[in-house]
Structure formats: C-alpha cells, structure tokens
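One chain, subunit A, appears in both complexes that follow, with subunit B as partner in the first and subunit C in the second.
Take a look at the complex of A and B:
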C-alpha cells in the first residue's frame, strides 16, 4: 500500500493559489485594500480557510456589514461553499488561469443560489451527511453506523486542520472492502456543461459486474449521454485528466474527495 | 490469480499515468505559486506587524513630543526652574484651596453651633409642653373624681329629696284629713251648741212655766188662805212667815261651791266615787285628773296619763280602786283601765264607735 499512500498524499497535498479581492462597490475606505493571496488545499471547503481573508477585508467595509456572512464570487458566479475547492476550480475555470481571481462580498448574500453557512458546524454536518451517503452506497451504511463519535470527529478535525494522517487513520475504515467484491456501488457525482436543470448526475454503478472490473468508460456509457457528440472531452478530477480505462474501484479508493465521493467533471477542450 | 495480477499490471500503468498527471498539475498549479505566496504571506504578516509597530511608535513619539513641549526647549536648569515654578504654582493653588476649605469648615462649624442651639431650644419647648400636658392630665383626672363625687352627692340629695317629698305628701294628706275632721267637728260642735241652746231655751221655758204654775198655785193657795183668813180672823205672827219661805230656795243651788281650772281645753267627763270624796275628770288634753273634794276646796290628787286621744267618759268601780276611761279619735276609739295604785293604763279594746257613757257592772 506504499504507492497508494504516495498517491493519497499527493492528492491531499494538492494546492491552488487564490487571489482574493474585495468587491469594489463594497470598499468603504479611501484606499482599496490590497488583494490577499493564499494557497488553499484542493480538498477542503472555503469556509474552513477564509478566516484570515475575512479579517483582512472586514475592516474596509462599512461597520453595519461587519457581522454579515462573507461570500465569494468568480466571474459573476457565486461559489457554493459546500463544494470542495478543487471541484469548484475544475468546474468553473476553463482557461486554467492562475492564480485564481476571486471577489469577496459582504453584502447582498445570494440566498436563492447559495446555502447559508453561518458557522463551521454547518460544514461539519454537511461533510458527515455526505460521508453517510457514500457509505450507504458502498457498504449499506454499515461502517459509518459502526464508527464511534470519536472517529467522526477525527475525520472532521483532520480535514479542518489539514492533517493527512489523522484523517486517513479514520478514513481507511471507510475504504475497506473484500479483495474480490469491491464496493457495492461507486459513490460519484458527474458534472458536465450540458446539465442545466440540475447541477450534477448521480446513478448506481457497481465496481464489479459479471466478474469484470468496471472502468470509467463503463460509467460514462451508463449515463446514456453521448458525450463524444460534442467533441473531444476530458474527465477531470483533482485537476488531472483521468484515463477512461481506469478501474472504478481504484479511482474510488484513491481519488475520492474527503466526503468519499468522486466528483467527476466532463470538460470539453476549448475550440 | 493471473487475472488479478493482470489487473494490477494495468492498474500500475494507470497509476503511473495518473501520478505523472498529478506531477504535471502540481507543476502547473502549485509550484510556481507556492513559494511566491508563502513569501507573500510572510511579507504580508511582517507588513501588518510593522504597521502595528509604527502605530505604537508614532503614539509614543507623540507622547514624548508633548512631554518635550511641556518641559520646554531648554537645559536641565531651565527645566528645574520651570518645574519648581510649576510646583510653586501648584503649591499656591493648593494653599488657596486649603484656605477655602478652612473657611468653609468655619462656616460649617458655625452652622453646626446654630443648629445645636436651635435643637436645644426646641427640646426645652418640647419638655415644657410635655409638663403642661401632664399637668393638664392630672387636672383632668382630679376633675373627673370631683365630678364623680358630685354625681354621687347629687344622687344622694335627690334620694333625700324624694324621701322628703314623700313625707311632705304624706303629711299633707294627714293634714288634709285632719282639717276635714276639724271641719266636721266644727259643724258638729255648732250643731251641738244649737241643740244645747235649744234645750236650754226649752228648759228655761219649762222652768218658767213651772215657776208660773207654781206661782199661780201659790197665789191661788194664798188667795184661798187669805180668804180663809179673811173669814177667820186669826192672829198671825210675822216670824212664822219668814221660816216657811227658805224651804223653797234650798232645793235649787244658786251659787258655785268651788271653781278651779282642771284641763287644757274642754272637760268631757266627770264622775264622783262611791264615797263621794273624790272626783275624776277627763278632758281633751288626754288626761284624767283626780280631785279631793274638801269643805270649801278642791285639791289635785294626781293625774293619769297614757291615753292617745281625748277622754270622753270616766267611771269608778264600786270599791273606787279602778277607773275605766274611754277615748275617742276619728279613727281610733279606745277603752282604758287604770288601777289607781299603779297609775298605769291598761288598754282594753279599740272600737270604731264613739263611746259615750260607761258604767261598771
């Protein structure tokens, strides 16, 4: 499992340079504040890393809005805090421009587009929710139910404090499976530009069917969407182009986000 | 087993591809920025720290400058003199304050003295009034006692008054009855006097008639005798005529044997004893008197008292040792016996009828 750990660590260590700028219409000081640069882990969520950003910008906002919830925007699109940062980047940034330019807002929270996130406890409950869903798909929810509150806390704190060993010592249990069978179903979410009615697709795909290990290609076929018709495309996760012949079981074990889901983005190469 | 191994071979190749992809990604996204941003962050922190320090220093600087201004621009000596002058000023102001405070203290002391004197006066007044009050209370109590006594005496006098009034009434009634009695007696008396006058007149008439008759008879006799004598001449001596005339005059008493005052008021009853030597008289003065009749005199032998009303009748017994008397009042008529030796009356009976005359049997 040494190589597994290597991959896992590399995935864990994935970072993105982000440049935060306060929205110009919200600046209340005579001189606009300097932009704030930060390397953020791809696997975590924005509310867990933006405390410093908030502190930096809040003094340049009118005092009445000091207690307002902060939200981020990229090219007029409010960022969903409940998506991992890496997924947001893979979804939204097509020209792979870096550092990632984000605008910080304190006013006019887009209630219709974003969930409210008054504290980190909300993020924790969201993470636990996703873990339970993934475990239900993989093990009929046996492992999460058997895990103790302490282990749940360990998962959360590992992610919160960016501690790889702490997180994986608990997460390993969730990734366990018998050598032959693999997971019951692969927990994944498929994001593609042509999905307009809903943000992503999700359906049941087994890891092994008829004693054959299913690959990424099999998964795409079961979506019954002719992805090739729109031109050449890539399946991107963690900022990497995933080969279509990769076995699903392996991807799920090694490339899942901390919520145990594979967030797969279909990206068409720009014309 | 072989299939599994083949899979793992595929897996290995794919893994290699993915690892390369990750490295590429890292080279693209992470490495160019990591150092830069970490340095930037460090610098950012340093800048903010320095800013903070600058702020502190400017504040300190400002403070120092102000102090410097206060201290003046001069040398140590200047500073010292200035300081001393400042201190002197301070001392002066403090002294002024002190004198002010002293003055105020004096005022307050005066006020306190005034107030204490006022308080004492008020206390004196209060004591005086309390004394007056207690005196008045004692007076009230004394007056109440007096009032009670007066009430008691009033009640007593009223009681006495009532008794007197009752007595007065009773006496008036008695008086009225007595007056009535008196009137009746008066009328009776008048009637009796009239009757007596009538009887006396009658008696006198009878007596006159008798006398006339007698004189007539005598004249007729004399005429007869004279005629006889005229017819028979006889010598008659004048002595003989003188002897015969006193016989007529001795039968009627013509002068009082003796006269004496016996009773106060009327004499109702007279009685001689059997021997004829003693006379008993009863009168309206409720006494019986015994008289010894001598040759020419009547001497009081003794009086018998004890009756409560006028005596109406007296009688001796045959031996002359007992006297029976009767008394008569309007509503009380009594009989008394006296034993002469003892002179004590014995009340025998009381009757409602008037006892007129009494005899022993």
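Take a look at the complex of A and C:
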C-alpha cells in the first residue's frame, strides 16, 4: 500500500500556471477580453477547472455560440480533455515556458480530434472507466467491484474538489497488494510519439517477475524500441524525469494519476 | 565519508539559561559513534554548523541516544547498558563525563530508552517496561520501577506524555494518570488507530504524536526516492513566487449561509459560500460567482432580484422581510468584497429602482479580480459593473462631477408627498462637516483611502466599520385606496357591482383588489402613522361624503351625481412614514419637484456650483452658496418668472433647460456668478405633433427630452452661435427617463424589453451608443441592467464609457 505521504502530497500539489486567451477570431466585443490566469492542478482534467474561464470569455463571443462547448488549443493542437492536465503539458510543451499559453475556442469544435464533453458527468464516467481498467490490470478488477458506490464518489469528489484526504481514503484500497507479489500488471501508458502513430503504447508488465522487482528500465526494454537511437531521452511524469532504476511497483503506487495509470512521456532533450 | 546514522534525538529546549531557539541534537552512527550537532538554533541556524564526536567509554558503543527536555542525555549501548552524562548546562552543552546507570538487577539488558522530564522510561530486551525515577534530585536517579504491560518501544513527550507501542498488536498505548507526584502514571490506554499498526512514534514540541505506520516495503532511504522527491519539490520552486497571484482552480468550499426561497413558485435551496476565496451563490443547480452579480434589488412583494451576467435576472421570494433584508445585505456585501470595491463613489452613475431604492454604479480603481489586477474603468463594460444599494428612499438623484450629490425624496411610484430634500457630498461616499476633511478628500482624491462609510438602511452590521457618516433618513407618504360602488334600482348605490365591475375596494386602476386590512407597505422601513381617512378633496372634486361619480368605469369622475351616473368611488388615504438610515444628510423641508446641477464644474473646492430646483408650485429656485466644500449651500433664492415648470437641467456655460408645467421646453441663457438669474426664459417649439414634454436633460452639446407618451427627443443643431438649437427630432419610444452627462453621454431607462431573454420587468438602464459628430443621435442602445429600474443619473460621471 502506498504509504509515502510525502511523495503523494507533492504529486497531489503539482500545479501549472495557465494563461487563457480567447481566440481573436471569436471575439465579438469591441474590446478583446483580458486573458484569464489560473493555477490549475496537474492531476485534474480541464473540464473540471475551467468553469471560470468559460464564464470569463463567453460574454465576449456572439450569443449564438454561448451554449457551445468550449475547447482549448495549444500551438494549433486541440487539447484532449480526457488527458490529465499534467500529462498534456508534459507531452506537448517542450520549451517549458510559463505560464502555459492556451487559446480558448467556442467555435468549430474539432469533432474529429476530440471527444465531446458536454458535462462533468462525462469526465466522471471517463475516470471511473480508467480506474476499472487499471484495477483489472492490478487486481483482476476485484477491488473496484468490491468497492461501494460511496468509495467511487470519494474518488471523484476528491479529485473534483482537490481534496487529497478524501481521494486517498478510497484510493489507498486500490493501491493495496500483497507484500510478495505486488500488482499483477502495472497500469501504465507510454507516450512516445516519435516512435508510433498511436496516441500511446500499452503492454503487460508485471511488478515482480521471478522474485525480481522490475524497474522502469525493465518496462522500457519491453517496449522493444531502441529509445536511445534518437539520442539521450528522459521518461517524464508529473514534470520530472524519473530515475530508471525506480521500482515499478513503487512508481505505480505513488506516481499514478488519479485514474490509477502511469502516464509516462518519452522526451528527448534536443530535437 | 560520514557513516550512516541509526538514531537521532533532540531535546534540551528547557535547559536552564539556554538561549531562545536552542535545541540539542544528538546522533548515533552505525559504527557506534556518538555525535553532537553544534550551533543548532531553531531561530537562527536550524541546521547547525558541524558534528562533534563525543567519546563514549570503551565497550559501551551506543546504539541509541535520548535527550530530555532539560538536556539530560542517556545512551543505550549495544550491550544493553545505560549511561548518562553529567555536567550538561547551557554553556557546556555536551556535558563532562559518563556514568553507568545500574540496571534493576544484574543481567537485565535494555533495548530502548526515552528520557522524559523527571524520569526515564526504558524497555528491556524481554519487553518489560521500566521507569527510572528521581532524576530531579540526581542525574542517576534513585530507583527502577517495573510497569505492567509489554511494549516494544516507549516514547516520552516534552511534557508528561508517554506512549508505548505494544508488543502484541503494535498499537499505540497512551500512559494515563501521570502526575508530578506519580511520574509512572496509572495504566495504559489504547489509542484508536483503525487497522493500522505502527513501528515508530514521535512527539512534536506541542506533545502531538506522530507515528510511522508499519510498511511492508522500506523505500525511505533509496537514492531514487530522494531524487524524485527533490525533483518534485523543485518543480514549483522556480516559479512559485512569480505566479503567486494566480487564483486556484479547484473548489474547496467553506459554507457561509444556506437557505431556501421560492423561484418560479418552486422552493429552491440557496447557498452562499466561499470557494477557494471565490465567493459564489448557488441557486439550486445554478451557480453564480459573486463577481458575476451586478445588482441585488428588492421588490415590494418579499422578493429579491439578483441581476447577473449569465442570463435573465433571478427573482427569489422569501417568507419574511427579515430574510429578504438578510439575504440582500449578505449578497451585497459578498459582491462588493469579491470586486474589492473601495467605496469611492466619486463620479459614479446613480440609479433608482421602481421601489425608490438608490443604487450606485461604483467607480472602481484597480480591481483585483481573480487575483489579477485589472484596471476596470478603462476596459470595463458598463453591464459588467456592480450596482450597490445604499440606504435611503428617493425619486430623484442629481450628481455633479465635482462630487456633490443631491437627492429628492420619494413621490410618484406609490403616492407620497412630502418631498424631503437630501444632500450628499464630496468625492467619496462619505460626508463630513469637517471642512478640512472635505478639502483633503477633494485634493487627494487619487490616493484617498476609503474608511468604510457606506451602507445604512438594512445593511446594519454588514458593512464594516462604524455608522459614522450614516444619518437618519425619513420620508412620508399617503397610500390611496378606492371604495367603488354601482347603482342599482333596488338598493341604490351598493358594493354589489356587475360581474365585470371593479372590486368594491381597489387601487386606482381597479385591476387590483385591496382592502383596508390587507393593504401592506413595501418593507419594514415603512410604518403606518394614521388610520384610514376619507379624502374629501380628491382631484376632480367630491360630494360632502367624499364620493365621486361617473357614468361607468373607467371614466372621468365629478363631484355631483348626474342622472346618468351609475358608479361612484371614494378615496381613502392613510399616512405612512419611511424611517431608515443612509449616508445622507437631510437639511430642509422645502418641497421640490426637480433639481439640477451644472455639468461643467471645474471641481475646484471653492468655486460656486450652479444648483437650481423647481419648487412644488412650479416656481424656480436657485441655491446660493453651494460649493464642493459646502454642498448644502446657504439659502434658496427665487428666480422670478411667469411660467411654472416641472423639469429642469443645467447644461454647460450657464444654460438652464426646462420644461414648463404645460410641457413646453424653455431655455435660460447666460447664468453666471455675477448674473445668477441669467436672461429671461426663451420658450421653444414643442416637438412635432405638439407632444407634451415632461423631462429634460442637458449635457455639453446634447439636450434630450421625454414626452408624456414616453417618446424620446433630441434637440438638433445646438452650436455655439445657436445654443438653443433648431428643432426636436424623435429618437425612440418607450423611454421612461433620460440622463445626459459629461462628454454628451446619454443614459436612459427604457420601458421596452431590451433583450427578451434577459428582462421580464419593465425599466432597463441603457447607454446610447454610436454618438459622433456626424451622427449625433447615435446608432442604438446598449443594455446595462434591467428591469425594475425607474431612474438613472450619469451627470456626475466623468469618464467616458
């Protein structure tokens, strides 16, 4: 069970300063609205934290678009709302200049690139779905199935209201494992756009194999890709590069996003 | 180079004579070296300077060290022996020599020690708990006492707290009953800790227990963990200060106020709360941020209308006047706080609701919105700004850009008569008779700090600060009730009417049924001060019993029954009084119909300010001696003339525009300080179709007027050589009130529903847009707030929107 509260707390406290600007072509008022500045948690999803952003800008677009779904764009790339914010940043931002400059749109929703997110309920069901998938990998879905509806709500509300203790009161159950075995498989997603056209890679990696604790390095090896071929690289999560010798079980328990997945990005220091 | 540590202990904060912040830090290495950290001070140097090795006797290498609050140091040797150090004082922190503490009996070895205030607790290798007493009299103590219960480890706090970790269940047990005379306490009591088991405990300086849970893995010392933790911490350290002002996105809520109200005849839950320092109002599922609320307006029927930026205003109904006032006050406070209104009402726009409640469009300096500084006046959209209610009850407010504000008591909406006169002054929303203060306010406007004079009325206790600057405000009125009767051949006149007739008791329109008993006053500020009395002299006259006759409803009524008069009515009146408080000072009982101040005052404190008024009989008065520092002036002087007036407005260069009681526009030129009456009235043509004008407002070069049919006109071709212009042009219809201010800005109250989705009640405040030299009439209206408003005054507003 994840007991390293110091690490968990640091992960939970991860924040990003974001500067939202309404797309100039959508401004319908004589004076363009001021940019909107917000400190967003890395672990959450944009639809959960952008109510204020929407309210700030919606008055400045033509009334016909007031009910449109808002979407965000970074350097011409529409942001997937169903990715945690920290993952989006680690994946897309290379110059690490802050605040993160995002463009707000109410028009021309890129249906072909983004899922629709008409309400926060959709985010909740996405989160629950991911948690079940992760639990299936870790515990054959035993724990999610045994959990009560109340615990599921704790996970969701803990994330929604940025309450560490509320979230972890339920999440610790999902992180339980027997001392000898660890998780059955590590729930992770590896983002290496340099090597694949798929959004991410996912394959089965155990936490302990032949009584050996597998490390991050083992996980990378099993991708069967020569990551070094493109120069020195880092494995980035929560804005830090991980030491390759870190045990997978520990990483999974402590560094997973609230959806219980490790979202690992391969990053090359120079393109 | 340094060997790994296996134990560390702190204490010594209560060594007699120690400097503030002193703490003794001792450590033991894996090879049995005992180290003392020199130079540690929690206040000045918490990490100390260097480790100093302290010799221990040969064969007594320590595996554990413990320090008491008074600096007493004990070590536990690998052999299980205990040693204590003598000579520890404030100027000799590490003491002098070691003494062995004899065990309770030969052959007993200890596995853990913890030094408390006057006693040391120790655990033997057999998990027995022993207490060494008498440390207050001798550094070696006096005797050992065996305690009941088996523990793995025992820990002492800085006071008298003692905890053990039990051998059997790895639970925390607190020793209870410890007193000075009974240092061993009475018994062990288990602390409730769910299913967790523990391997270590510590007390902090306040005696709180910190525990280390039993983990199956031990990653604490791994280098990769340290690396990850450090990198995680460094993520924010680089930019934390730079973005410290960003507001946080997630919602952590602290409830402030809950309640229920009726919305569209349905009970809904109300919640007023603060989310991440972001106050908001929840109305069932609808969430409004406080910064989105633009006004909170009371209605007469226990209602509260919340105007906001999202959609149409929300009308909530409550069950008591107290609730309405409470919610209105809290919402007003919350909205002002969220916008960090500083209460500087200089050059603000004023408005009145159809209840006569005065509101001010607060001019904001730099506003801290969402923790980011915005310079509101320059970029603000008028409809986004906040209207704040003040105490008071008026039908007219006149503001000058110099900062002087006058208001007239209620008249029309609901039958009231004694027009009390109020004035209100200075550049900020506070009034003081202190000359010096006012002059300072005036001169230091840009840097003046508001001291919290606002509120009054039902805002008691809501606005901070004292009631300084808040004065009693009162007004009186008469409520009319009509008794209606129809003639029939059997009974003569009786209350029994035809099915289509108006009810026996009604208001003047006959549409609304009232009775003497159920006629209620709009809010708690009003009280009845008389009984119902017949009005024997209603307009149109009445017979000796007060009856007025007509052929049918509705019609013209006359005093005597004619042969075809089948209906009659009698007017009953009851006097009521408004008493409240507000930042207003009442100083005269002269009844006035209208009042106006020049729009082109320089703002200089002692320069006379033109202030003209129309008395109740229609004659013109001018106030002598009004200046910024003496806004109430000295006295009234009559401006003689043969006409009676109903509306007037002073433009620039001493031009007084007015409307006679017959609805004819007039202009008086060249009013100056030396010629205060100006030249004679110049009567002008009425607008086309002989419309009867009722209200006029004059700015720099714009003069606009409203007629009795609510049509709005603009005076054309006003140029310096022809200041009276040439003719009236029709601009719009359904206009209740118009106000022209500095820079020829035109604000109006429109009767039409400006935006069908937004406004359901009549009376919306709008700005005229598109006024240019080539298109002086403007292009259209921009909606500001609505409905439910009756009056607006932008004449004191100096900054173009």
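The rule is simple: the second predicted complex is superposed on the first by the 265 of 271 C-alpha atoms of A that agree within 3 Å, B and C clash if a C-alpha of one lies under 4 Å from a C-alpha of the other, contacts with A are read in each partner's own complex, and residues count from 1 in each chain.
The rule we apply is simple: contacts are C-beta pairs under 8 Å (C-beta built on N, C-alpha and C of every residue); 3 or more make two chains touch, one makes a residue touch a chain.
Not measured: the values here are computed from a predicted model.
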**Study point:** Partner chain in contact with A:239 - subunit B first, subunit C second, else both or neither
**Key:** both
Review point. Between subunit B (first) and subunit C (second), which does A:39 come into contact with in this model arrangement: first, second, both, or neither?
Key: both
Check your understanding: In this superposed model, does subunit C or subunit B come into contact with more residues of subunit A?
Key -> C
Point to revise | subunit B versus subunit C as contact partner of A:98, first or second or both or neither | key: both
Review point. Is A:55 in contact with subunit B, with subunit C, with both, or with neither (first, second, both, neither)?
Key: second
Review point. What residues on subunit A does subunit C touch that subunit B touches too?
Key: 3, 6-7, 10-11, 13-15, 17, 34, 36-39, 98-99, 238-243, 245-247, 250, 255
Point to revise | Of subunit B, residues touching subunit A in the complex | key: 7, 10-11, 14-15, 17-19, 21-26, 28-30, 32-34, 36-38, 40-41, 44
Revision key, fill the gap. As the complex stands, subunit A meets subunit B at residues 3, 6-7, 10-11, 13-17, 34, 36-39, 96, 98-99, 213, 238-243, 245-247, 250, 255
Study note, to complete from the structure: The subunit C residues in contact with subunit A across the complex are 213, 215-217, 219-220, 223-225, 227-229, 231-233, 235-236, 239, 242-243, 245-253, 278, 287, 289, 292, 309-310, 370-372, 374, 379, 381, 384
Revision key, fill the gap. Subunit C partner, complex, touching residues on subunit A are 1, 3-4, 6-7, 10-11, 13-15, 17, 29, 31, 34, 36-41, 44, 48-52, 55-56, 59, 98-99, 160-163, 179, 238-243, 245-247, 249-250, 255
